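For reference, chains read A, B, C, D, E and F in written order, and residue numbers begin at 1 within each chain.
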Amino acid sequence: MTQNHTAGESRLERGTRALSEIDGKAGEAVISALADIAPDFARYVIEFPFGDIYSRPGLDLRAREIATVAALTAMGNAAPQLKVHIEAGLNVGLSRGEITEIIMQMAVYAGFPAALNGLFAAKEVFARLDMETEASGRERLA
Amino acid sequence: MTQNHTAGESRLERGTRALSEIDGKAGEAVISALADIAPDFARYVIEFPFGDIYSRPGLDLRAREIATVAALTAMGNAAPQLKVHIEAGLNVGLSRGEITEIIMQMAVYAGFPAALNGLFAAKEVFARLDMETEASGRERLA
Amino acid sequence: MTQNHTAGESRLERGTRALSEIDGKAGEAVISALADIAPDFARYVIEFPFGDIYSRPGLDLRAREIATVAALTAMGNAAPQLKVHIEAGLNVGLSRGEITEIIMQMAVYAGFPAALNGLFAAKEVFARLDMETEASGRERLA
Amino acid sequence: MTQNHTAGESRLERGTRALSEIDGKAGEAVISALADIAPDFARYVIEFPFGDIYSRPGLDLRAREIATVAALTAMGNAAPQLKVHIEAGLNVGLSRGEITEIIMQMAVYAGFPAALNGLFAAKEVFARLDMETEASGRERLA
Amino acid sequence: MTQNHTAGESRLERGTRALSEIDGKAGEAVISALADIAPDFARYVIEFPFGDIYSRPGLDLRAREIATVAALTAMGNAAPQLKVHIEAGLNVGLSRGEITEIIMQMAVYAGFPAALNGLFAAKEVFARLDMETEASGRERLA
Amino acid sequence: MTQNHTAGESRLERGTRALSEIDGKAGEAVISALADIAPDFARYVIEFPFGDIYSRPGLDLRAREIATVAALTAMGNAAPQLKVHIEAGLNVGLSRGEITEIIMQMAVYAGFPAALNGLFAAKEVFARLDMETEASGRERLA
């Protein structure tokens, strides 16, 4: 995991690097979707959450994604972002089982509906990733 | 960390053990406070969150407390429970700096007021713990 | 229970009657507290919630207070209003045990912290009512 | 209404019975959907909400569903669960008119958007039930 | 902007006028959709929010829509109503750029997911309006 | 109102200027309170909300404070920040009456309890400001 501050790197550069490492293509898609309506906000998304917060050295990315998946499940009103971060969790080393545990635990703090909706979001993300893996496997065989 | 299921142990026994390990005296105080108004609920608090969820083997207690501190900070409407879990985080091995990082990160997902109120809750818990340490130090010296 | 529309009665008159029956003195205190800052809002509180909604014939006041205590417990960000409606629930015929059951059930839908904070609010209301009863008993004996 | 504790019945057995009585097929569908991602959570859903809470004797199922429909409408972030419980409300004896009243009342506590979205959820459930009734009527006539 | 109280006008008349001015066709569609399930609630929507609140003289409609777009973005659980009020904001004189600024600002108070979902709602509304303008342009040319 | 970007000014400088103009002493108090627990977060509070967002030219500070007071009232879980921004609203030109209107309007979107708690927060801020004015008046006379 990077999370180090390369000398002379701007917040935008550092954030772009962190966004790519954590959110992968899903993160880039969000940034593109903002281009016509709020390009400055696209920059802020890269600079503050990724350039400032996720790049801080005091907590590793695995722990940061545990926190984010938990919070988004508990809040229950940000399904698209929860799906992005379920995949981000896998990107930074959480297993599917661990992500499922985090979401289940939210039943205690935010109720069973929040946990159920989180689990169904995870199920959807896992199924999509399986299909993509399968499709790219078929391509390699072809 | 325990989190193992001792053969023949009931949910209540397992939960009591987990509650004591994680929440310490703060957990016991909550259970006592429920005794006269809702004793069955006191039992449920021990059995489901602690006997069922926190005792599951798939995620260690450190990760579980990261998730809980994040969720309670983000939800922003459960200050007493957030304070209990800031202390619980310390009990299971998180540092003060790590807890501060988790709470700061919530500015991204739940806004700056939620993060600010979480940081002030942490400040209060840390100050109380320092005072208790100091007081018990004076007692040992006396 | 009233909830009937007396011919020719205005929304304000009907609401004042319903507010007094349901919330008692606690309701009047809220209305008074609004007098200097937002007197029109005091009127709206009487007219819409009480004159329009609580006075509708399709659901009795007992059922309406079950709904309100449940919602305010689950939302978890309106402690003063929850306390008013715990007392209102008693005023319209719910027992302390029933109110406790409603609040406990919210652990399922909004998490254990919401239910715990609701139970502690109920405990506070019940204790205050006991003290008032005792005090007025002593006065009668004196 | 059952809600009684049959001697020797486990939480899982009692919860399965309560879930079936209250949520009917919709409840079973949720449990099945969890089978591959979080089978333990499926068991917890049956055991805690249904085996522990809904089976408690201190409040009848009609009152419990008033509380649940109110809370889920007010929280406004759990549409699938709200629909399940609108149907559950009908299953345990609430009329369509009473459910509509409960949801309308939430405008007072959680705002008009929450009430509107709740009413549109109810409209959707009622329409589906009408279509199912009609379809099964045609089958009987055929 | 009207917002004046015409002598002798009822709340329903005043609210109908305000609803039409502010929400336009989108408001009428909501009222129609309520006709079969909760006609009284349709009346309340007109009378209280529009007849009472939006018609008050102390704050102009432009300021009122800034407040509503901000609140609905921050709450994050009322997408249909947010879209109606993004259009309403344009109807009462806010520019697309100003609406985008209001929504972006909510990242500070309710987190980046709330702001992102608000921006995507605005993007959808703006695109629909552009298509309607284009379609009506083609009609005029035909 | 400033909101202009002075050439060569850093985000921290621009944010410090905006924070001082908008939040006055209350803002400085928040920054000081963070100094020992999370000094970096103090810097982020100045840089992102104030240096980036409030300093943007597309919306004046009056409109920005309408949005913030509305959102914090509606969310209902950030009382200290709501009070800071009620005073900030006055600092950037909103009248007490306008602030009261914004808060009252939130009854429509977030329910009556949120509006009531917002009005009581405003009442508290207005009373404190009156006392401070009176006290400084007495000092001048002495």
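Here is the rule we use: contacts are C-beta pairs under 8 Å (C-beta built on N, C-alpha and C of every residue); 3 or more make two chains touch, one makes a residue touch a chain.
Keep in mind it's a predicted model, so treat the numbers as computed, not measured.
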Common touching chains of chain C and chain A: B, D, E, F
Option in C-E, A-C or A-E whose residue-number contact pairs overlap D-E by over half: A-E
Same-residue or different-residue interface between chain B and chain E, half as cut-off: same
Contact-richer chain pair [B-D vs C-F]: C-F
Rounded Å distance between chain E and chain F, as computed from the means of their C-alpha atoms: 26
Distance between the centres, which are taken as Cα means, of chain C and chain B, whole angstrom: 33
Residues of chain D touching at least two other chains: 40, 44, 48-49, 56, 72, 74-75, 77-78, 81, 100, 104, 106-114
Partner chain B, residues of chain C touching it in the complex: 75-77, 100, 103-104, 107, 111-117, 119-120, 122-123, 126
Contacting residues of chain E [partner chain D, same complex]: 30, 33-34, 36-38, 40-41, 44-45, 48-49, 72, 75-78, 80-81
Residue ranges of chain A in contact with chain F within the complex: 40, 44, 48, 52, 56
Chain F residues touching chain E - in the complex, by the definition given at the top: 48-49, 53-54, 56, 58-59, 63-64, 66-75, 78, 81, 97-98, 100-102, 104-110
Chain B to chain E touching residues, read off their complex: 74, 106-114
